[in-house]
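Heads up, the next two complexes both have chain A, just with different partners, chain B and then chain C.
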Partner chain A sequence: MSLRDYVDALDADATPGLSVEIDREKAVALAVFLIPGMTLFGIFSVGPIVYSAVGSFFSWDAFSMQQFTGLENWIRTFRDPLIINWENLRRWRFPMGALAQNLLWVVLHVPISTVLGLAMALLFADLRGRRILRSMVFLGFTVPTIVIGLVLLFIYDPQAGVFNELLRVIGMEHQVRNWTQSPQVAIYALIAGGIWVQTGFNMLLYSSALAAIDPSLIESAKIDGAGPYRRFRDIIWPLVRPVTAVVVIMGIIWVLRVFDIVYAAGGSAGGPNHAYSVLGIEVYRAAFEPPIDYGKAMVVALVQLVIVAPLAAYIARMG
Partner chain B sequence: MGESTVRQQVMTSITMDGVSKYFDGGETVANYRLNLEVDDGEFLVILGPSGCGKTTALRLVAGLEEPSEGDIYFDDERVNRWSPSERNVAMVFQNYALYPHMSVRENIAYPLKVRGIPPDERDRRIEEVTELLHIEGQIGKRPAALSGGQRQRVALARAIVREPSVFLLDEPLSNLDAKLRQEMRSELKRLQDELGITTIYVTHNQEEAMSMADTVVVMNRGTIQQISPPEELYSRPRTEWVARFIGSPPMNLFEGERRNGSIAIGEAGTVDLESVAGVRGIDATSTSTSTSASASASLSDDLSLGVRPEDLFLSSERPTSGNALEGTVDTVEPLGEYTLVNVAVDDRLVKVKVGDADVTRGEEVWLTFDDEDAYLYDENGELVTQAPSPQPTEGR
Partner chain C sequence: MSDSDDPFEPRRPGTDPERESDGRGYLSVDEIPETAPARELDWATRLANATPSLPRLLKYAIAITVAVLWIVPFLGLFMASLRPLNEIIQGWWHLEGMTLTLENYQQAWTYRTAPMRRALINTLIVTVPAVLVVMLLGAMAAYPFARFEFPLKTTLFFLILLVMAAPPELVAMGNYNTLREVGLFDTYMGLILVHIGWGLGWVVLFLRNYLLGIPKELEEAARIDGASRYQIFRTIILPLSTPALVSVAVIQFTWVWNAFFFPLVFMRSPELYLAPQVLPLMRGRIQVEWGLVAAGSVMTMIVPVLLFLTLERYYKQGMVAAVTD
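After this line comes the complex of A and B, so read on.
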C-alpha cells in the first residue's frame, strides 16, 4: 500500500471513526465520574428503598426476612389504631393515630409558619437593626431539633415553665398545666414549637426574595397610586410566589419527617397513650423497640416516602 | 389635603424654594438649596454628571423623598408631605420598572385600575395610548419578551395613560442603543409638545438636554450651576465648570494673569483685556466697579480665558493684529466631519476644531480668535459679566 492510499484511507474513515472514538471516550469519562456517586446513592438510598419496598410484602422474625405474605403488613398497619384511629378521629379525641396526627402537623404548622415567615420578612425589610432581629429569629433554625424539644419541655413545665408563668401573670391560672403531658392539647404545644423553628427559615427565604425585588418596582407602584396593601397584593406577593412554593413544600417535608421534637417531649411512645405520636416515632418503635415489627416499620416509612417524594421532585424540577 | 384641586388640573407649575436633601443624618448632601421654577407645560431638563444630585431632585418632586429643608410647591400648594399619587405625578424610571409578572396591557392598566377608573374607560385610554406609542401589537406580551425600545414605550404609555399633571423622566433613554436613543428623543419631544404636560427630564447626556429642553438646569455636586435655555447655555456658560461641561469637545480655558490692561497666558502670549472685556460691556479699567458679586470680583488678578474649539483658528504665521496665542501642534485627529487639532499652549493641550488641517505634529502655530468668542472667568470660576449699567449687551 502506497503512502497515498494510506492517506486516502485515513480520510475515508476519518469522520465516522473519529465520532465513535469521541463517544466512547465520553462514555468512559462519564462512567468514571458517575460511578462513585451512583454507588453511594445506590447503597444508601435506592438500596434501602427497594429493600423496604420488597420487605414490606414479607413476614419478619426480628431482622430476618421470612416468607412472602402479600399485603398482610400493609393491611395490618392501616388497621392499626396507632397509625389511624378512626374511632377517635371521628370524635376528635387524641390519640387519633400517628398518620392523622402527622397530617394535623402539616395542616397547622405549614400555613402558620409560612405566613409568619413572610410577615417577619416584610416587617424586617426596612427596619433599623433588622440584621440582629433576623439573626435572632433564624437562630431557632440552627439549634438541633432535639434541643428544641428539650427547650419546649422547659417552657411548658408546670412549675418552672415560662409559658405557665405567663398564664399566671395574665390571670389565666386555671389554664396552667403540664402542656406536653396533657393528651388533648400537647400536640398543639409541640406544633407551636415547630412553627417557631420553621418561621426563622421561612423568614430567611422570604427576606432574600424580597431583597431581590427591584426597589423601583415598588416606587413605581407608589407613583401609580397603590397604597401599602395594594403594593403587597399586586406587586410583592406575585413576585415572591415562587419562593412560597419552596417554603410550603420544604415545610411539608420537614413536618412529615418530624421526630426529635416529639421524641424529646414524649419519648418513643409519642406522649401519654401515643397522644402526639407521628410517623417517624412509629417507624422507630416498630423497628427498634420490642416487640420488633419490621414489616410495619417498612410500610410506615414507605408511606412517608410516598407523600414526600412527589413534593421533593417538584422542588428539584423548579430550578 | 386639597388633592382634588390638583387632580382636576391638567397642567401644573412646580416651584422648589431653597430645597436641600441630606442623607445619613446630614453627612451626605444630595441637594443643597435648590431654587427652581418650572412653568405649566414646560420641558425642563436637569443636566449633570452622575452623582450630582439630579435624580434626588427629581425624586423630591415626585414625592419619593421628602426635603430636609425648603419647600416644594405645585401651583400654589405646598406639597412637601404629599404622597406621589396625591401629587398626581407620573414617572419613567431609568430601568423602566415594568411589572414583570404583568402583561403590557396590565402594566399600562395598573395605574388606572388603582385609581378605580371603570373598565370601558380604561380600555379606551389604553387603546389611545398604545396607538400613540405604536405598541398595539405588544399588548399581550410580558415585559421580558420585549426589546429595550418597546419596554421604553410601554413605560411611557403607563405614565401617559393616567393623564398626570407632571411627567418625570429619569434618564429614560440611557439604556437604549445610540440609534434608538435618537429616535426616541425626537418622539419624546413630539409627545411632550402634543400633550403639553409639565415635564422634568433628568439626564447626563448634554445632547439630549440641548435638543429637547425648553430650559436646562445644570447641576454639579448637589447645587444648581445655571438655569437657562439651551442656546444660552452654550453661548453664555455662567461658570467655568459649565463651560467645561457643555460642548463637545468642551471649551478651552487658558489660565491667565492680569497685567496692565491685558491678560498674560504664560509664555504663549497676551490678550488685550480691554477689547475682550469691552465686547461684553465690562469696564476693564477699574477693579471694583459695582456691588454685584461677579462684577466686583471681575477684574481680579487671576483670570481664565475661555474659547470654544470651534471658535479658534490656526495660523502658521504670527498674525499682525487681533488675539493670538502661540503653541505647538501635538496631535491631529481627523474625524471626517471636522479635524481636531490638539495644540500645546503653555504646557496645556488646547483643542481646536478645524475643517481641514494642513499642520503636522511639532509645527509652531498661532491660535487666533475674535473678541466676542472669548469668555472671561474670575478666580471663583464665575463668568465675568458686565457691571450693571444702562447699556444693554447683546450677549454674543
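After this line comes the complex of A and C, so read on.
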C-alpha cells in the first residue's frame, strides 16, 4: 500500500471538514465536564499526595520546605522508637511503636471481624425480620467514629462501665480496671471496639453475596444429603470467596486509617506513654503539634499508603 | 415484617406492586371457578408448618441476642444522656429509682467552650455544600469516564484509585499549607473544599460504574435527534442515575458529617468547631462528665442514624456497590 492509497483512504472517510468540527465540539464538551471536578480533585487530593511524596526527601523548617536531604527523614523515622520500638517488641511490652501496634490491629481486627461478619450473615440469612437484625448490627458503622471511641471509653470505665459490671457479675472482680488507660491491655480493648463496628460492615457485604446464591443449589444439595457443613464448604464458600477478598482489603484499609477511636481514648499522645498509638496519630502529632516535624509526618503517612496501595490495585484489577 | 423490602433480594413475582395495581395480576371473569378452592391442608398441619422447629427457635434466640448485644453500648449511651451523673456512675443498667432529666442536653446545647447549638449548625454549613457540589461535579466527571475515550483517561483513573487507597492524613500537610497560603485556613470554605476534593475520587468511580450499566441506546437516539452532549447529560444521564446519586448523597453526607480528622486539622477557632470535634473536649479533666458527653454524642449521631434508617436501601446498596464494583 503506497502513501497515495493511504491518503486517498483518509479522504474517502466522510467529509473532512465535518469530522474536525465534531472533534472540537467533543473536546470542548469533555473539558466542560471534566475540568471543574478534576481541578479540585487535583488541588486537594493528588497535589497534596505528590507534595508529601516529594517533601519526604527534604528537610523542613516548621511548614516550609528546605533542602534535599535524600533518605534522611525515612531513616530517622524508622529508627524512631515511637514508630518501631524493637526492644519492647522483643519483650512484647507496650509501647512497641505505632507501626507495630497498627500492624497488631491488622492481625487481630481483620480476621476476627471477617469471620464474625460471615457468621452473622449466615445466621441472619433466612430469618424473618433479618432486615431489622442486620440494621441493628450495622448501626455502629453509621455513627461518627469519634462517638465510637467515647462509647468505648464509657464501656470500659471502672465504675460506670458495663464491661466491668459484666466482669463483676461473672465473678472476675480482680480483672476490673480502667481498660482504656492500662498500657498493657488497652490496645486489645480498643481492637475489640473496632471489631464491634467493622463486623456490621462485613456482614452487609456477605449478606449481599449470600442473597445472590441461587436457593435451588442449596435445596438440591440438601436433597442429596449434604449436611450444613458440606453445604457451606462446597457451595456457599466458593461463591462468597471473591467477597472475602474485598472484605479483608477494606478491613485493612479501615484499620490503617484508624484515628478517631484512638484519639478519643488516649488523645493525641495515643494513650499513656503512647501505649496504643497508631500511624495516623503519629502523623497528626508530628505535623500539627509542636515540635513540628513535617518530614516525619510525611514519611509515616506514606508508609500507610504503601502498605495499602498494592491491595487497592488488586481490588481494581478484580473489578 | 415485609421481607420483600430486603434491598438485596429481587421482589417475588406475587408481590410486584405494579402488577397488582394495574389489575393484570387478577384472573379474568371467565377464569373464575364455581367453587372456592378447598384448603389443601387442614389447620393442624398448617399450624405445625408455621411453628418453627426447635433448632430454628434456638437460631432465632441466638440471632436476637447477638443483635441486641450489638446495640447495648448505644443503649447505655442513650440512658446516660438522660440521667444525672451520680446515677450514671452507679451504673446506667440499674433501673430502680431512675430520674430522667434533660439537664445534660441543656448543658451540651450551651456548653461553654463550644456550644452544640453552634457546632451542629457549623457541621451543617460544611456538610450540605460539600455533598451537593460533589454530587454535581462527580456526575459531570463520571459521564466522560463512562462514555468517551480521551487522553490521560487511564492516568486519571489510576490517580482516583490511588487517592481512594490513601489515608486522609496523607493530604493533611499539603492542604494545610495550601489553605494557609490562600487565606482559607480556619474557614468554612477551606474545609468544604478539602472535603470536595477528597470525596470526588470515590464518587466519580462509583457513578462511572453505575453509568456503564445503563444502555447507550437512549443517548444514541437523542444524539440522532440532534441533542447536544449537555442536553443528553441533563435530560437523560442525570435522571437515569437518580438512585446512584441518592446513594452518593447519603454516604457522602454521613462521611462528611462524621469526619473528625479534617475538622481537627483545619478548624481552629472554637466558634467554628464542628460537632464531632467538640465531643472529646467534653470529657473534662478529672471526673469524666458522662452525661454531657453522652448528650452531645446522641445529638451528633442522631442525624446520620436517622438518615440511614430512612434511606437504608440506598445506603446499603451504595455501600456494597462502592466497594465490590
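By our rule, the second predicted complex is superposed on the first by the 286 of 319 C-alpha atoms of A that agree within 3 Å, B and C clash if a C-alpha of one lies under 4 Å from a C-alpha of the other, contacts with A are read in each partner's own complex, and residues count from 1 in each chain.
Rule of thumb we're sticking to: a residue touches a chain if its C-beta (ideal position, glycine included) is under 8 Å from a C-beta of that chain, and two chains touch if they have at least 3 such contacts.
No experiment lies behind these values; they were computed from the predicted model shown.
Once the two complexes are overlaid on the shared chain, A:201 sits against chain C while remaining clear of chain B.
In the superposition on chain A, contact of A:67 is made with neither chain B nor chain C.
Of the two partner chains, chain B is the only one touched by A:235; chain C is not.
Of the two partner chains placed by superposition, only chain B is touched by A:222; chain C is not. Between chain B and chain C, more residues of chain A are touched by C.
Of the two partner chains placed by the overlay, only chain B lies in contact with A:214; chain C stays clear of it. Comparing the two interfaces of chain A, the one with chain B and the one with chain C have no residue in common. Taken in their complex, chain A has these residues touching chain C: 25-26, 29-30, 32-34, 36-38, 40-41, 43-52, 55, 63, 120, 123-124, 127-133, 135-140, 142-147, 149-155, 157, 159-160, 162, 165, 196, 199-201, 204-205, 207-208, 211-212, 243, 246, 250, 253, 256-257, 259-260, 263-264, 267, 279-280, 283-284, 287-288, 294, 297-298, 300-302, 304-305, 308-309, 311-313, 315-316, 319.
Of all residues in chain C, those touching chain A in their complex are 1, 3, 5-6, 8-9, 59-60, 62-64, 66-68, 70-74, 76-77, 80, 88-93, 137-138, 140-141, 143-144, 148, 150, 156, 159-178, 180, 193-194, 196-198, 200-201, 204, 209, 228-230, 233, 254, 257-258, 260-261, 264-265, 276, 279-280, 283, 288, 290, 293-294, 297, 300-301, 304-305, 307-309, 312, 315-316, 319-320, 323-325. The touching residues of chain B, counted against chain A in their complex, run 62-64, 83-85, 89-91, 93-95, 97, 99-101, 110-111, 114-115, 158, 162.
Remark: chain A residues 214, 216-217, 219-226, 230, 234-235, 238-239 touch chain B in the complex.
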